[in-house]
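First chain written, first letter: the chains are A, B and C, and each begins at residue 1.
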Amino acid sequence: MKKIIKYVIFDILRNRIVLVYTLFLLASSFTVFSLEDSGSKGLLSLLSIILIVVPLVNIIFSTIYVYNSAEFVELLVSQPLKRKAIWLSLFSGLASSLAIAFFIGVGIPVLIYQANIIGFTMIAVGITLSIIFVAIAMLATVRTRDKAKGIGVAIMLWLYFSLLFDGFVLFLLFQFADYPLDKLMIGVTALNPIDLGRILILLQLEVSAMMGYTGAVFKDFFGTAIGLASSAGALLLWIALPLWFSTKLFNSKDL
Amino acid sequence: MGGCAEVKFILAILSLFLSFQASAKIIPVGSRQQFKTVTAGIQAAAVGDTVLVDAGYYKEKNLQILKSIVLIGINYPVLDGENKYEIISIKADSVEVNGFKIIRSGHSSLVDLSGIKIYDSRNVTVKNNILKDTFFGIYVQNGLNCTIENNQVIAVGKGGEQQNGNGIHCWQSEGMRIIRNTVTGHRDGIYFEFVKNSIIWRNTSVKNVRYGLHFMFSNDDTYVSNVFENNGSGVSIMFSHRIKMFNNFFEENWGDAAYGILLKEISDGYMEGNYFSKNTSAIYMEGANRIEMRRNTFKNNGWALKIQASCSDVVLERNNFIGNTFDVGTNGSLVLNRFINNYWDKYEGYDLDKNKIGDIAYRPVSMFSMIVEKYPSAMILFRTFIVTLLDKTEKIMPTLTPENLKDQAPLMKKAF
Amino acid sequence: MIIATNVNKQFGKLKVLDNVSTTCEKGECIALIGPNGCGKTTLIKSILGMVVPDSGVIKFNEKDIKNQWEYRDEIGYMPQIGRYPDNMTIGQVLEMMKDIRNKKTALDDDLIRAFSLPKLLDKRMRTLSGGTRQKISAAIAFLFNPTVLILDEPTAGLDPVSSELLKEKIITEKENGKLVLITSHVLSELDDLVTRIIYMQDGKLLFQKSIEELRADTGEVKLSRAIARVMTNEGA
């Protein structure tokens, strides 16, 4: 398995798109930090990159990559290798190289300018989101045979997690404004890794106070060890579940 | 107004000085002096005398000063109230208490036990003292023309609002001068209730449990160059008229219901040169009328201004709004307030005629801030993609934000 | 060595393998022939475990291959279209395959030398022609001395010289007692190679006969003509 991961990473790192992605992140991080006079403002601008660009690039790139390596995967499947090992290696290769790209592109500038708990949270959330969207992309690709359709599904998933889901939440808030929804919202955020990551970062940025009662409820939950552990657990589930399903599907997939 | 207060202040000092000249006697107190206790020294003193207390540790229970004398400590002699007593009670005019370290007053929920309390007196001066672990620090009740200067008032209590009195507390007084004091750890740093024609100048009020400054039913007061930082809920000014505020700093008042300053039922106020930074809401206004705000700086606050629909004739002119999450939040379509010539860092307009004033109006209320005002829970969607999209759309086609709430002539560069 | 029993596979409504049963033994060289879309490639892929049959059993050395992977160590597979990671060089691909197979025994690099691949080792895969890729696929299939060779349209896209080299290699290996499975459209190429024919149509295994049988039955020497004869007879 290690060998396949090695070759996948080797292949991805030679792919110019990942290089461009890394440089893009690096350029935007440094721009953001040098333009904004205060570092925490820079972090906020980076937040949008982490919450929008990272999932988008990760899900689209992973989808295309998996489709493009269909023949390679076929070649591997015809070799004396476990299917599970092939699929997990593909995942590990994608996830680790995109996580590395993120770490170089965002992590290093953050460590230079904001080496504090906020910065660390951002890096952790960014890396986790990178991995989650690789896992989601792989689930999307294993389900759809057609490449164009698969990329379409990936874009829809991204749109869902970064826009439609929140729109739905907003709608719910409007509809049920008279009910105390704050506690429920903690559960709802767990249904969207982007929201979960965003709130974890926002709480570190001390804007929780601005969220009023909601913020207090969130801080009471996410601020505790249990809250932190369960949100980390939820994020890990967002990696594990899609991965588990996709591996299961890949195991019985016809190539 | 400020000048007038200063003249009065100088005159007061001069008159004190002259009275000493006339017949002042010095009464030494200390372990190696004629009087071993401060109580004995005070008893021996006549009007106009000075009681000079050596450094040392004195447990005098409650010191009553019933005549116009000067009480001076050398190298901060300690007066210990043993957590039982009010330490100094001043019940005469023209008393001065200077240079003591006053610790451990009694705590009581029935009586406002204090480190130093002034009862119904005028021209009293309390200065250069250190008050530590007192229930109330310096308490003025029915004072006239008193000076509270250069004291350090520190509470070390457990922090609960009930177990903790105010640092400097003035009630039913006039012509107070609160100058250069430091208050920390109390319930309210400085508390004014029914206090007129007074000045609060160059004080530092930080990390108090509730408000840095709490102001009620107090008219015609001015406060200048104070620092209010990191207090539980910031500064609260309520039911007062003709308040002037110059060059104060309101910083780091973060919290669920924290304000840089809360203005409630205020009229005819004037605010200039104040600096608001890192507050949840820099200014929260409710029922405020005829307030003028000029040349203030709002930087890195959650909301720079929360202005409820009950406010009218509020004028904001030539202020700087920089790096605030929301510039203005409101709960209605207020039309009675005027925004003009402010600098807004979020302004995206242009200046074709090069007169340094933007050619299109700026709307400081974002759609999301309106939504949050109505549905506070919506704040969980803070900084989501959908919110950004909504705000952008609203900027192009305003539908929800108040039509008339805008700065017709926003500045292209900072106002100052 | 390979036994398929009642193998069925359906893609959507299309039945690609319809109750296919056959047995392949060592030393055989079997040609899988039939029109496009008859299920040849699916059958091969089923044997390789790339396609999972809906029902039926495939045994390799008496062991059911379902969810197994070790048995593929004994198979060399040459796909119809060999695609490799674009950014790798030929040398890297060969190294990778060696790495993955991790064979302790001696490697068979006859084809690598025969196709003059060592000269091209630094070429990136994306710059290669289809023919060159086929050569690499073929070289890899034979590289690890497998006991079973599965070749899907091996000569398609190869120039005549390479095609001839490959055929020679196949004959050598057959004579070494290996099992060779070939699919091909070009029947004329198979003349000197095959020992048995499996003919498929619409997912069904229409007939399987040894080459001698076929020649005896039809009286034709040329394979293509023999098949044509069979087809007309069947039709009649």
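Note that contacts are C-beta pairs under 8 Å (C-beta built on N, C-alpha and C of every residue); 3 or more make two chains touch, one makes a residue touch a chain.
Values in this document were obtained by computation on a predicted structure and should not be read as measured data.
Listed by label, the chains that touch chain A and also chain B number zero. For chain A, the chain whose average C-alpha position is most distant is B.
Averaging Cα coordinates per chain places chain A and chain B 47 Å apart.
Our note on geometry: chain A versus chain C, Cα centroid distance of 42 Å, whole angstroms. Inter-chain centre distance (chain B to chain C, centres taken as mean C-alpha positions): 89 Å. Across the assembly, chain C contributes no residue that touches 2 or more other chains.
On the chain A side of its complex with chain C, the touching residues are 3-4, 7, 10-11, 14-15, 68-72, 74-83, 251-255. Within the complex formed with chain B, the chain A residues making contact are 38, 41, 44, 47-48, 51-52, 162-163, 166-167, 169-170, 173-174, 177, 181-182, 185, 189, 195, 198-199, 202, 206-207, 209-216, 218. The touching residues of chain C, when paired with chain A in their complex, are 9, 11, 45, 48-52, 67, 69-73, 75, 77, 79, 81-88, 96-97, 99-101.
Across the interface of their complex, chain A is touched by residues 254-258, 280, 300, 302-303, 323, 325, 371, 374-389 of chain B.
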